[in-house]
Structures are given as structure tokens and as C-alpha cells.
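Next come two complexes built around chain A: one with chain B, the other with chain C.
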Partner chain A sequence: MRWWIEKVIEKIFAISGFATTIVILLMVVFLFREGFGLFRSPVVEKGFALCVNASNPVEHIGSSTIKKVFNGVVKDWSEFSSFNEKIVLFRCEDPDKCGDMSKRYSEEELGSDYEHLAEKLGEVIAETPGIFAFVHEEFLPKNIKGVRILEENKIAVDDFFFGLEWIPTSTPAPQFGVLPLILGTLLVSLVAILIATPLGLGVAIYLSELSKDRLRNILKPAIELLAGIPSVVYGFFGLVVLVPMIQRAFNLPVGQTALTGSIVLAIMALPTIITVAEDAMRSTPRPMREASLALGATHWQTIYKVIIPYASSGISAAVVLGIGRAIGETMVALMVTGNAGIIPKTLLTPVRTIPATIAAELGEAPVGGVHYQALFVLGCVLFLITLTISIAAELISKRHHNKGL
Partner chain B sequence: MLDKNLSQKIAFWTFRFLGLFVIGILLWILGFVVYNGIGVISFEFLFEAPRNGMVEGGIFPAIIGTFCLIVGSMVVAFPLGVMSAIYTNEYVREGKISKAIRTMTNNLGSIPSIIFGLFGMALFVNTMSWGDSIIAGSFTLGLLTLPLVIRTTEESLKMVPDSLRNGSYALGATKLQTIRRVVLPMAFPNIVTGLILSIGRVSGETAPILFTVAAYFLPKLPTSIFDQVMALPYHLYVISTSGTNLEAARPMAYGTALVLITLVLIINFSASLLRKHFGKKIGV
Partner chain C sequence: MRKLLLVAILTTASILAAQTIKGSDTVLPLSQQQAETYMKVNKSAKVTVTGGGSGVGISALIEGTTDIAQSSRKIKFDEKKKLSDKGSTVVEKIIAYDALAVVVNPKNAVNQLTREQLDDIFTGKITNWKEVGGADLKITPIARETSSGTYEFFKEEVLQKKDYLAGIMSVPATGTIIETIKKTPGAIGYVGLAYLNKNVKALKVSFKDGQFVEPSVKTAKDETYPIVRPLIYYYVQSSEAAVKPFIDYVLSKDGQKIVSDVGFITIH
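Up next is the complex of A and B:
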């Protein structure tokens, strides 16, 4: 009986032992399940479709091309397909605003309740070879000769990963290009680490080599405590203090820029980098230091020729971990980077990061819709980036252990 | 070539300056929040609901909400985390499996909190149809802090010397008896320290609760685990970025930031005190 109970409890322990593994697997499953439908969704807004003349051979039209066409930037089919004809734009979102239908046809012809609108629309499309029509589902000219409805025009993988704009509310085709978001995220976090690493290293050297023990025993725990301050507080500080400061210093229209985000993220990353780097430096074996000093090296020479090289893999693991955390940081990015979904050109323009995009938009996106799915695919991208970084950090610190000593 | 003593002098003064500079920045942030927030704290601020577009009144519902989330997430994470750590540390022999489990735990710990928010929304809010509720938020936060609970528990279990385990076995105790009567009581204070650290982490998280529990404005206190609640970090975010009158809400934001910082610092500080105290007591 006893033995039996022990076995059962051991099994329960075993199941919870794999809890983290199960959670990661579930996460992958759910992120993909919720997001994957994106690449099976039509390019244009829900409830609308694109129609062309049957002589037009075009197969796939990306969302950015559609936007350019409807903004009048692209004027000819030959600019993106093999079809040689001028584009004739036609938008039919509701019966009152359906191209020039009310001019072409009398009210009787269209029907009192617009019941013949679809049919007449078909006629127009069939006789205009260069037409590009954006039509509400209700008036879709189905099964009419000379009309081709682009039903297979789905959001393509390269539209998503190489698209240059993120404008989910754009009509007629929402723009889901993640490139600006990925670049924005990398820019903000890399600059943050570039600021934080030298500062953090300097402080770590100060604490481990220069400060008196009594001072160090106060400062080190204080810095560790600061690592626990919630990110939303750092974001608040950035918003109230740094944003106006940056705005005045560089004479900008808004102070919410990539640089502001980087500075706040750098301040946030400092405690972690200081703590890990200091621990790594203090773990330098005493004989190594003493040998260096005995050879006549100064303290400073010992630091940069012996201690820093010895601690380097610990330090680089700290830096890589810092990048990972900065990439995933949501609240700071949301509050101080300005959230503009365009490719950043300088550090002083607003940018938008992946986590900030998810946090800002998920609340407004209808569950199961294209926008919702796009945000989950963004989540997958972020998941993969941070997982890669965490594995890299693990490999680096493993190298540290293998070094022996 | 610079004289080596001169270059040492230059380098050391640079580091002293850097040290003071960085510590100055960190103190500045702390001082900034305390200086601006201290005047706002009053009995009314701590124990009343926000009024008048959240520019007057207090933050009581947010404090209660955060408290509910702390309790809820610990109910999820604590038993699961402790059992998981017991399994990896006591049952599995050091080797591939324990290494794999540890790698997974580390990986889970490095996943950004917003991903937990997405996951919590997909699984708990939508698939389980719990809606935005304390229970959905607690599960999300609980999973977020699970790696921290596991890591600290494992460290505390490792501090229990093997000789005690062997002594227990020698007296004829089974594995489970040894764990329950010898290992856990010895490791308990340190496990509690880990628990307190996780509470500190949970109480400051914003991103995971955005879509799983947090309410923009809800003066009513929760009555069941399927209610939405306000929470301190989310409240700070809301009143500092998206109120109708941001300038008028500033004092409330300073006050909320101060309460949040104080809460987190007290929690972390008591954890480090406890660790110091009990770390010495076991003395291994």
C-alpha cells in the first residue's frame, strides 16, 4: 500500500517536472494555431473582393501593390504584371458610392433595391479591359462572363516578412509588413545595449576592484534591488522626464523617439549587467591576479589583461541576455518610443517595436480576425528571436564552464 | 606610450566617475518617484476608489486587484514549481533528462512577458472561455513566474546536505518520507524566500495582464475569481498615457508609482533579509 502511494506521488512529481516543457510546447501550439490562418486570409478587407477583366492574366497582387494602385502611385498593370493596359480604378463599397454606376445607369436599370447592381457591375467590368475593381461582397458580379474574381489572392508570406509598412487599418488592403517592426525592435535594443554595456562594465570594475568593501556591501544589494523595479515605472519615468528632455535637446516635434526608448531600456538593463559582470570578475582566481601583480603589472594592467579576459564569457552572456530582455520589453517601448510603424531612418524618429505593437493593438483587434492573426504571427516571430538569443546565451556561458579553472 | 601609472590613474578616475554616474541615475529615478509621490499618499488615496475620470480619489481597487493576482498566481506557481524542483533534484539522476528539464525552464524564463499575455489570451481567455478574469490572469502570471519558483526551490534543495538524506535512508525511511520529513523542512525557509521573490516579480508585471484580467476602470471590488480587476502596474500605465486629462492625473500617477515601487522594494528587501538569515542558519 505504502509503496503504491509512493509510486503515484512520484508520477505526480514527474508530471510537474515536465511542466515547463509542456508550457513551452503549448505556447508554440497556441501561437501557431491562432496566427497561422493569416496566410489563408484574403489580402483585402473582410467583406470585400477584387475583380478584374477576364482577359487580365494577373494571379497574385500583394497588399502593398494594392495600396499603391489605390493611392495612384502605380498607374499601369505592366508595372507589376505581364498585362499591358492602363489601370482603371473602380471602388464599390456601398450602392450610393459605387464608382460612376449611378451616372451610367438609370435607377430603374439598377433596380429600386439595387438588385441588378451586381449584374450591371459585371457588364462594366467585362467591357473595360484595364479595370481593377474593389467590390463589396453583396454586389459581387458572380458567374458573369468576362469577369474574374480574385478569390485566391491570399496574404503571402513575403508580403508579411518583407512588407515595408505596418498599417492594419489601411483600406482597401491592410498592410501587415513586419520589417519595420523587426528593424525598430533591433535598433532600439541594440542601441540600448551599446549604451548599457560600457557603463555597466565600468561600474562592475569600480565595484569589484576599486570600491572599499563597506561601500560595496551597500551598493551591490542596492543595485540588485533596483533590478526589481517594475518596467512600467521605468516607462513612466521616461515619459515624464526623458521625453521632454530629448524633445528640447534636439528641438524635435515629439520627444518619443528610438533614442528615448534605448536610453530607458539601457537604464533598465544596467542592474543586471552590473551584477552579472561583477560576479564574473570576482570569480577570477586569486593566483591569477597575484601572478600578474608579481610580474610588475599595475592594478589597471591586471584588470584589462587578466581579469576582463577571464570574465569575458560571463560578461558576454550577460550582454546577450540583456539584448534578449530589451527585445522583449513591452511597457517601456510602448510608452516612450512613439509607435510609428515605418522603417526607422535615424535614432531621432519614432519607432515601433514588436512587443509594443502587440500590446497596443491586441485589445482592438476582433478575436479570430486578420489583424488578430497577424499579431499572433508577430508573437511567433518574437518568440523565435528570443528563443534563439537565450540558446546563444546558454552556449556562451557553457563555454565559460568548459574553460575549467 | 603612456606611463603605466598615469594610465592607471586616468582609468580608475573614469571608473569612479562612471560608478557614481550610474548609481546617481538609479538613485535619481528612485528619488524622483518618491519626491513627487510622497505628497499624494494619504488615507484617502490608499483606501478609496478613483473618481472623476481617475484624477481624484484613490487606488484601492487596484491595490486589491494586485493582491488577488499575487495570491492567485502563487496558488498556481508554488505547488507546481516546488513539485517540479523536487522531481528534478530528488528523483532524476543528474544527466540528460535533468539537463533537458533545466534548459526548458531557462528557456521559459527568457520568453518575453508579452508572449505570456498572448498565450494566456489564446488559452485561458478564449479557448477555456474564462473571459478576462482573475483566474485567467493568475494562470498567466503563475506560468510566467514558474521558472523563478523552480530555480529558487532547486537551489534551496541543493543546500540540504546529502549526509542528512543518507542518514534518513539508513534509518529505513522511504524516499517520500525523507523528502517530507528531512529535506523539505530544512529547505523550507529558502523556498519561502524564492516565493517572496516571485511575488515581487508578479506584482510589477503589466504586459501579461493587459489582455487576461486588467480592467481600465472598475471601482467595484471583485466578488469571484471570474471577475475582472484593476491592477497597480496597469493602472499606472493607464493614468500616465491614456486618460482624458493627463496633466490633472499626474499626481495620481506619481502616487501609484510610489506605492508600486514601495511594494516591490519591500517584498524584495524582505526576501534578501530572509535569505541572509536562513542562508547562515543552514550553513553548508
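Up next is the complex of A and C:
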């Protein structure tokens, strides 16, 4: 009877193990499948097209040029093509607000359900040589003399990974440059780890080698408790306490900076680093310590000549795990880093991280749209970064233990 | 097929048991108040209100996960088309108006700006307060996150659809805008009239003729203040029977009294 129960339980455990693995694999496949449609999507927002006058020779226009034109930064065709004419912008995203069509034509001419709008739009485009029109598909003046609909470029991979601007709501051409976001994420996490490593190692050495048992029994659980505090609480603490402090200390316009994020993330990564590093140090075999002391080395010499080299793989793993914790952190980044998508030049400017971007924008991005896909590619990028880190941690902790000696 | 059945069951259940309102954070406090008093008057009714931003509400309406989408911007042609592709007609009910106040730190000497100046500040052409008559101080423009209807509305009305400067600081909620501006001497941002308090200073703005107007319920009502937007409930025609009683209540005299209590402008 007992044998049967044990068999059944074993099977249940095995099944749940397989199920977990399959779910994780499916999630990864889903992530990549949703994301990589992005590079098959057109530069111009789906359902819209750009039209020019037929005399305009311009062929392919890059997405950042389109953005500059529609923001009024570039005002003449000659600035990026051989065509010498002033640009006349024309937006027709909504039939009710289609350029100045309602002024040019009467309601009757356009039709009660805008059935003649496309035709009239064609007339306008044909008679304005410098026109650059952004038109909804429904009202696209197809096959009309004097109108040329621009062929659609696809979103380029290098525009995505090396683009400098993240403006997903820009119309007609949303800008998906993830470089500022990747750099922001890496900067915040790396600085966090630079702050957390020395602190964490110091505490780990103290706990494993120097502290009295009674003190250790209080400190260790307290530090482990730190790991259990929800991240939103850390974020709140950062926003209310740290942000004004940083702002005053450096006399900045705003306190939400990369440094603020790094400090909070460092505090969050500390428990991981301390626990893992301390465990590694304590696992140094007793004979080894005693041998060192017997040879006449002092306590401190034993620590930095024997224990730290022996535990070096564990310590590296602790640091790498700390980085992993910092890179994926969403709530804190969203609350205290200021979320400005620029390439960070100093630590004291606001930055935008990948997790914060996904959290802030996914809710509003229409499912299956370009913005949605771009956020999924961001998720893939983040996944690859953390995967690399986990593999690194795995390799380091598997390294031969005594290598340092 | 099974999925469809499940959706059908869930929708029927939700119609019978409760109505959900989802969307704009600007409309959120108003809807909450309305729902609370409505449920007091109407014991059997159950109305659940959640925020998330106008875009979130409207996409929930398209996906059929909410009965009413509360929005602080008009539905886009594209969103309307998505609904009509699914065979549903969207109904629009304006429940109140809101004025958008441009706010700065109370210590800032600047009291008024024109639309062109606001445009230049938020697109990054003007970067120092001394260029618009203030102290020699860097301007820190602050925007809402992209899911917010306020973000879209400001972009459309004030920036005339141009993009905000790349790398503008963005915050996830109106409360955070106020908090940041309070602590940041050079900051400028925008919040709904209902959120104005003594921690920030509202600027007078002028869109034409050099007439600077202060944002208030009065100036918004007589249409002298230029940055006014409708607050709207969207629902699909097929669920009209279920949502009508609540919307009628909001449009009634009692409902509109709540509108002015919360700090918005009534529809009459």
C-alpha cells in the first residue's frame, strides 16, 4: 500500500517537473514569437500611408527623417533629397480632422460618409508639389494621376538596436531606438553592483569570520528579512527619502537620477550578495584555516590569503546573482529613475530602464501592434541579458574550488 | 469554441452581477464617487472602477473586458474602426469637462506663457527660464507616461501633434507630477484642474491675441481658457441596456453635482 502511494507521489512530482519545464519553454517561444514580428512591420504606423506629389523623386525615407519632417525640424525636401521644394505637411488620420479639407470643400463635395474624400485628397496632393501627406488607408487616393504613394520600408534591425530615440507614440513614424534603454539599464545595474559588492563582501566577511555567534544570530536573519521586503516599498522609500536627498546633495534640477536608482537597487541586491558570499566563506574547511593559523598567519592574513581565495567562486557567483537581481528590477526603476529615454552621460541625469519601459507602456499598447511587438523585443533583450548572467553565474560557481590557492 | 463559450458566460455573468468601468486616471476619482453614491441609491447595483489610462480603457472595451471605457480624450479613428470591425457600434457620452492646468514650482517667477512658448519648452527648443522672463534656471519639463490620455491631449492641443523632446522625464501618475514639481524649482508639467493644490502654481496661458487666462472652473466654463477637454464614457451599443441606468445617473442633477464637487466642469 505504502509502496503504491510513494509511486503515485513520485509520478506526480515528475509530471509537475516536466510541466514546469514545458511552460517555461513555451513562455520563451511566446516572447520571441510576439516580438520578432516587429521587423516585418512597416516604418509608418499600420493602417496609414505616406503620399507625395508625383513630381517628387524621393524614394525611401528613413523613419527618423519622417519624424523630423513631421515635427517641423526639417522644412525643405532639399535637406534630404534632390527635390527642391518647401515641405507642405498634411495629416489625415481622422476624416473629421483631415488637414484643411473641411475648409476647402463643402460637406456635399466630400460626401455624407466621406466617400469622395479620397478623390478630393488626390486633387489636393496633385496640385501641391511640396506636399507630404500622412493618410489613413481608408482615404488613400489610389490610382490618381499626380499622386504617388510611398513604398513602405520595414523597421530595420539596426534602427532598433542602435536607434537613439524611444518615442513609441510619434506619428506617423514611431521611433523605437532601444540603445538609450539598454544603456540606462546597464548603467543603473552596474553602478548598483559597484556600490553593493564592497559593502556586501565586508558584511559577509564580518558575519562569517569576525562576529560573535550571538550577534550573527541576530544579524543574519535581519539581512535575510531585507530580501523579503516588496520592491514597491523600496521604491517608495527611494522616492520619498532618497530622491530629495540626492537632489539637495548635488544641487540638481531633479532628484530622480540613475544614481538614485543605483543606490536603491544596491540595497536590494545586498541580501543576495551577503547570503551567498557568506555561505561560500563558511564552507572553507576547518583544517585549511587551522593549517594557516598553525603556520603563524594572523586571523586577518588567514582571511585574505586563504578564505577569500578559497571562496572566490562563491563570491563571484554572489556578485553575478546580485547583478541579475538589479537588472530585472521594475518597480524601483519606474519610481526613482525619472524614466527619461536619453543616453546617460553622467550618473546624475534621469534614465529609463527596459523593465520600467515595459511596465509603463504595455498596458496601453494595442495587442499585436508595432508598439506591443517592440516591447516584446525589449523583453527578449532583457531575457538574453539575464540568461547570459545566469549562465555566467553557473559557470563561475562550478569552477574548481581550490584554484586560488 | 470553448474559449468563445467561456467569454460568453463571463460576459453574461458580468452583466448580471456588475459593471466595470476602466480607463483614464483623470476620470477615476469622479467615476469612483459616482459609483459609490449610485450604489448607495441603488442597492442591487455593483459598479467596479479601475484606472490605467485612457488607452488602456479603450483597448479593454475593444477586447470586451470592460463595460464602460472612461477616457480623457476622444476615441481615435483607428480604435473606432477596430470596434466596428468586430461588429459593435461605439456610443460616446460626455459626462464632464476638465481643464488642463500648466503648473510650475510656486517659487518660479514666471506667471504666464503663450502656446508657442509651451510648445518650445516641451519640444526642447527653450531650455532656460530666463528665455521666457524667469530666473536663470534650467527648465525640467515633465510629462505623463504614454498610456495617459492627458499625454495625448496635451500633445495634440498644445504641441500640435509634434513629439515631446526625446528623453523627456515621464512619471506614471498625476500625483507624482505634483510631488516632483513641488520639489523641483525648474520643473513644468500639466495636471487636471481637479488636482491643483497649493504645492504647485498654475500658469496663465494664452493661445491667441495675447489674452492670458487663468485656469479655473469659471474660465473653463465660459470657454475663455483654451486647454479644455471632454471627459467621456464609451460603451458599445449592445450593452446599452446594462450601462444606461448608471450613465443616466451620472448625467442627472445629482450626478452632475458630484462632478462639480470633485472639481470638474459640469456639462450644462
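Methods note: the second predicted complex is superposed on the first by the 286 of 405 C-alpha atoms of A that agree within 3 Å, B and C clash if a C-alpha of one lies under 4 Å from a C-alpha of the other, contacts with A are read in each partner's own complex, and residues count from 1 in each chain.
Definition applied: contacts are C-beta pairs under 8 Å (C-beta built on N, C-alpha and C of every residue); 3 or more make two chains touch, one makes a residue touch a chain.
As the structure is a computational prediction, the values presented were derived from the model and not from experiment.
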Scan A:F176 for contacts with chain B and chain C and give back first, second, both or neither. neither
Partner chain in contact with A:Y310 - chain B first, chain C second, else both or neither: neither
For A:F160, decide between first (touching chain B), second (touching chain C), both and neither. neither
Looking at A:V367, would you say it contacts chain B, chain C, both, or neither? Reply first, second, both or neither. both
Identify which of chain B and chain C touches the larger number of residues of chain A. B
Tell me the contact category for A:N71 with respect to chain B and chain C: first, second, both or neither. second
What is the contact status of A:F139 with respect to chain B (first) and chain C (second): first, second, both, or neither? neither
One more residue to check, A:V254. First (chain B), second (chain C), both or neither? second
Which chain A residues lie in the overlap of the chain B contact set and the chain C contact set? 239, 334-335, 363, 367
Of all residues in chain A, which touch chain B in the complex? 2, 5-6, 9-10, 12-14, 16-21, 23-24, 26-27, 30-31, 33-34, 199-200, 202-203, 205-207, 209-211, 219, 221-226, 228-237, 239-241, 267, 270-271, 274, 298-301, 303, 321, 324-325, 327-331, 334-335, 355, 358-359, 362-363, 367, 375-376, 379, 382-383, 386-387, 389-391, 393-394
List of chain B residues in touch with chain A within their complex: 4-5, 7-8, 11-12, 14-16, 18-19, 21-23, 25-26, 29-30, 32-33, 79-81, 83-84, 86-88, 91-92, 100-101, 103-108, 110-115, 117-119, 121-123, 126-127, 143, 146-147, 150, 174-176, 200-201, 203-207, 210-211, 233-234, 236-237, 240-241, 250, 253, 257, 260-261, 264-265, 267-269, 272
Listed in rising order, the residues of chain A that touch chain C in the complex are 47, 67, 70-72, 91, 93-95, 136, 138, 164-171, 175, 180, 239, 243-244, 247, 253-256, 334-335, 338-342, 350, 352, 360-361, 363-364, 366-367
Within their complex, chain C touches chain A through residues 52-53, 55-56, 59, 62-63, 76-78, 81-82, 123, 137-138, 140, 145-147, 151-152, 155, 161-164, 166-172, 176, 179-180, 183-187
